[in-house]
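Per-chain residue numbering starts at 1, and chain names A, B, C and D are given in the order in which the chains are listed.
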Amino acid sequence: MSCFQVRTDLALEARESIKESEDGIRGVRVEETYDEKNEIRVTKVIIETKNGAKAMGKPMGKYVTLEAPGMVEQEEDYHQEISSELARQLKDIIPDIQKEQSILIVGLGNRDVTADALGPNVADNLFITRHVVKEYGKAAYNKSQMHMVSSIVPGVMAKTGMESAEIIKGVVEQTKPDVVIVIDALAARSTKRLNRTVQITNTGIHPGSGVGNHRDALTKESLKVPVIAIGVPTVVDAATIVNDALADKAPANLTELNNMYVTSKDVDYQVKQISHIICDAINEALEL
Amino acid sequence: MSCFQVRTDLALEARESIKESEDGIRGVRVEETYDEKNEIRVTKVIIETKNGAKAMGKPMGKYVTLEAPGMVEQEEDYHQEISSELARQLKDIIPDIQKEQSILIVGLGNRDVTADALGPNVADNLFITRHVVKEYGKAAYNKSQMHMVSSIVPGVMAKTGMESAEIIKGVVEQTKPDVVIVIDALAARSTKRLNRTVQITNTGIHPGSGVGNHRDALTKESLKVPVIAIGVPTVVDAATIVNDALADKAPANLTELNNMYVTSKDVDYQVKQISHIICDAINEALEL
Amino acid sequence: MSCFQVRTDLALEARESIKESEDGIRGVRVEETYDEKNEIRVTKVIIETKNGAKAMGKPMGKYVTLEAPGMVEQEEDYHQEISSELARQLKDIIPDIQKEQSILIVGLGNRDVTADALGPNVADNLFITRHVVKEYGKAAYNKSQMHMVSSIVPGVMAKTGMESAEIIKGVVEQTKPDVVIVIDALAARSTKRLNRTVQITNTGIHPGSGVGNHRDALTKESLKVPVIAIGVPTVVDAATIVNDALADKAPANLTELNNMYVTSKDVDYQVKQISHIICDAINEALEL
Amino acid sequence: MSCFQVRTDLALEARESIKESEDGIRGVRVEETYDEKNEIRVTKVIIETKNGAKAMGKPMGKYVTLEAPGMVEQEEDYHQEISSELARQLKDIIPDIQKEQSILIVGLGNRDVTADALGPNVADNLFITRHVVKEYGKAAYNKSQMHMVSSIVPGVMAKTGMESAEIIKGVVEQTKPDVVIVIDALAARSTKRLNRTVQITNTGIHPGSGVGNHRDALTKESLKVPVIAIGVPTVVDAATIVNDALADKAPANLTELNNMYVTSKDVDYQVKQISHIICDAINEALEL
């Protein structure tokens, strides 16, 4: 596996691909819980040291993965369970969420490309309050406490001529949110996680990953406020699939597979569905 | 006209509704040319003094209106003539357009509301160069001179929780364009101008007009760079229509018409068509 | 009313525009109920005789109108009440609905034109069972009784080159449904009914009405099976509005208003919402 | 090839996968031409005998494949060359195309699923004449000769509850076209042909192939008129890719890849582009 760089945005998969000693990887802590009734598995990977970060190829921080096979099934009751669990995990990872805050939600990705439209889809349906609270106060909602929620879909560089990071920085400096939540489609290593896995991390977003090429650093360092990233793997690189199938046999010529990805036949439907679940989860998590 | 505020974003209509002395309105100069072959009428209204601005209810500056009855017809050759004329007028009004510049184009409006989607539609199809020039230089286009063109669709306040002006200001401060071009759908007073009139002005955009409620000031004062606005009337307020039909008869009760507008039965098709024409015009105007 | 033909597809409005004697119109029976809690008004206009049909300008049959001001509001619980009431009215008007049947649902209109997209929107989200029951039997749904539900969106003549009626007749002869349900956007006379009124009739669809020009006769005579039509007014002719405002004053020149309609500023959102309500109502009504 | 059924809708690929004797396959004739300037390769596979059909696993008839690597590039002039070549091949294969005819064009597939939306996309933009010729005669177009062109998008079984073939049969019996042209997205075996290959055949469409599950027989036998099929491979089965890469090594466990496909990262853009080319080609071929 040494020379072929496996491309995965999931800390869970990064960890699986590392040969472990009996005691796990030093500096990386893993906790797992399983909700049998709802078939929801939550795995927390906490990278605690620089060595752990190096071993994992990911920055230090928390990575929470929620897996639920039925995430794309049509039963609405079940989606409710998943989005509520997701809301709990979000509340756990967003700093000081019980205090009133100004929260900017960023929907990364290209709304015209199915597998990359997760971010825009979620942003389109959020419960947005900042403009109302600013104009009429919390009274408009009959609430004593209220976050000010705003959102933006920056678009992709091929269409804007700007890096998403430039746009986000400008908006952050102008509107001064206390925390930024970024949503994006991810690339996974294994098809079995496509569209049924959500990763939440407090490390923000780092260049060179994601479905499109729209990923510049969006981190606490670059934006000066905490950045929570929510991601869902919607594609696998075609070359990765073939390479994994070949295992230790001599690799085939895979150049033909450049710019190809593997995705579910139902990707259009599934991305809509999961966008809905994440949107519900954010709305629930941001209610005071 | 005194008590019933006629709502129009067109300087041309504002002028028509003023009773003129023999010599026209003081401080307002009007020039008109007509291209008979292509049936394109270009009217320039130049407001030169504060008194003229007061009489017109519009800020001092240039307002160029291009009217072409066939703007929505299906003949592509004809569209070419219109967009070329539009390109000439744009080149005339953008300061120092013959020199290399960084130009940010803003598509105002709501992409999910037909009559308000003009700005987003235009922005989606522009020839964007900033990211390529920044990364690879002008050589990437085999050109010795090249504008750096970028664009953004800020979205509407109900969805973002932010004023468009906040987003644009942030992006302008971050990316420092030399000029901003803003595209938006307008409200007209008369149905005969719907979807066949384009207004270009160097006064930017002023609050309280437009189809949606997404119009904060976007002017040289607020953004610190020249702001060119391109607008197309896509709707008429229903109350305006009835009031105009009634003329000097006693007005009927028009409250029922609040939140109603009059638009063409073909508005969906026509907005797409005219977006295409404006997009072509901008691309042509910004070629060096 | 004599010389200016008021254009309305609503039997309710046709009746309102007729000067009545003390005893109502002969041959036309009207029943009205009002659900105060949910603010739902149901009006049944039953045209019982040829004379009644002549007076009303509509064929003999039942016309049930459901009006609910909050049909376009954002509260989901309330929508549930409306769609359940609609389901009850549908069950009341579809012949033999308690017996297993094959039911074809037709979504008329143009999916690319906002105000005309009601039919296609509803059809896109129905619970379709015919292919499953035919292939696997009712067992696939764990049911002892099950309608076979199919649906089609024929498209508009400008795009198909065929009348909707030709397509529907072909499909009916091929698949032999027991009843046809047709959904279409209507034109109303008054803006106060736009997007908050649903009309159900057992007289099918008659030429020369509706938002688009896609309305050929779809009736028991032409299709040989009962035809239930569900319609929602989404636009008013602009000329009608002005004419109504003018009342008995001399009419203005309204030619400018040809091909113009009046609609709500929120028409895009409202049509989606009401499509959802009708879709839920049909799914509920067709459950055995 | 014996035990693992390679799934391809392309006759070209079926032929490549057969080990040939020196003289080719009996009963299968192949002609190839290459336009160097425009890089367009046209391959005709003519299956002339039952034995040839058996060897190929495809019915007797003509299969014309047009390959052009730049089909998805952004240069419009080049697209013009491709669609003109396609038009020539279409004119060659449609029986009696120089005589006035009634032609029904069917856009198979699901408009909400990117890789399957080819048929609907093409149908949406055709030049439709049947309704005008029927109503106003050829004079409406200032032509002495004119085909009557109609089109339909039947939708997919999951949404209609009907087989496409049922709908098409009904429409054919009702409107009696002289020839039917069917457009559909295909599955290829090799990613190198995705979105840059068009196959035209006079054998119609046969069950069990295509991207979706919407392919019932649409042939001269079932519809009683000649059926021309136009197809473009937009996906490859993920299992096929892996199997091909493995070559003669023992196959890996591929169950994980069920319901997965491999497609281009630009599939959304490419399907739009190629729909445009095919639409232009049909419009050109059907002009008299």
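Convention: a residue touches a chain if its C-beta (ideal position, glycine included) is under 8 Å from a C-beta of that chain, and two chains touch if they have at least 3 such contacts.
None of these values were measured; they are calculated from a predicted model.
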item: Rounded Å distance between chain C and chain D, as computed from the means of their C-alpha atoms; value: 38
item: Separation of mean Cα positions, chain C and chain A [Å, integer]; value: 43
item: Where chain B touches two or more other chains at once, by residue number; value: none
item: Arrangement of touching chains [line / ring / star / complete / other]; value: ring
item: Listing of all chain pairs that touch each other, if any do; value: A-B, A-D, B-C, C-D
item: In the complex, chain A residues that touch chain D; value: 112-114, 190-192, 194, 238, 241-242, 245-247, 249, 252, 254, 256-257, 259-269
item: Residue ranges of chain C in contact with chain D within the complex; value: 123-124, 128-132, 148-155, 157-163, 166-167, 169-175
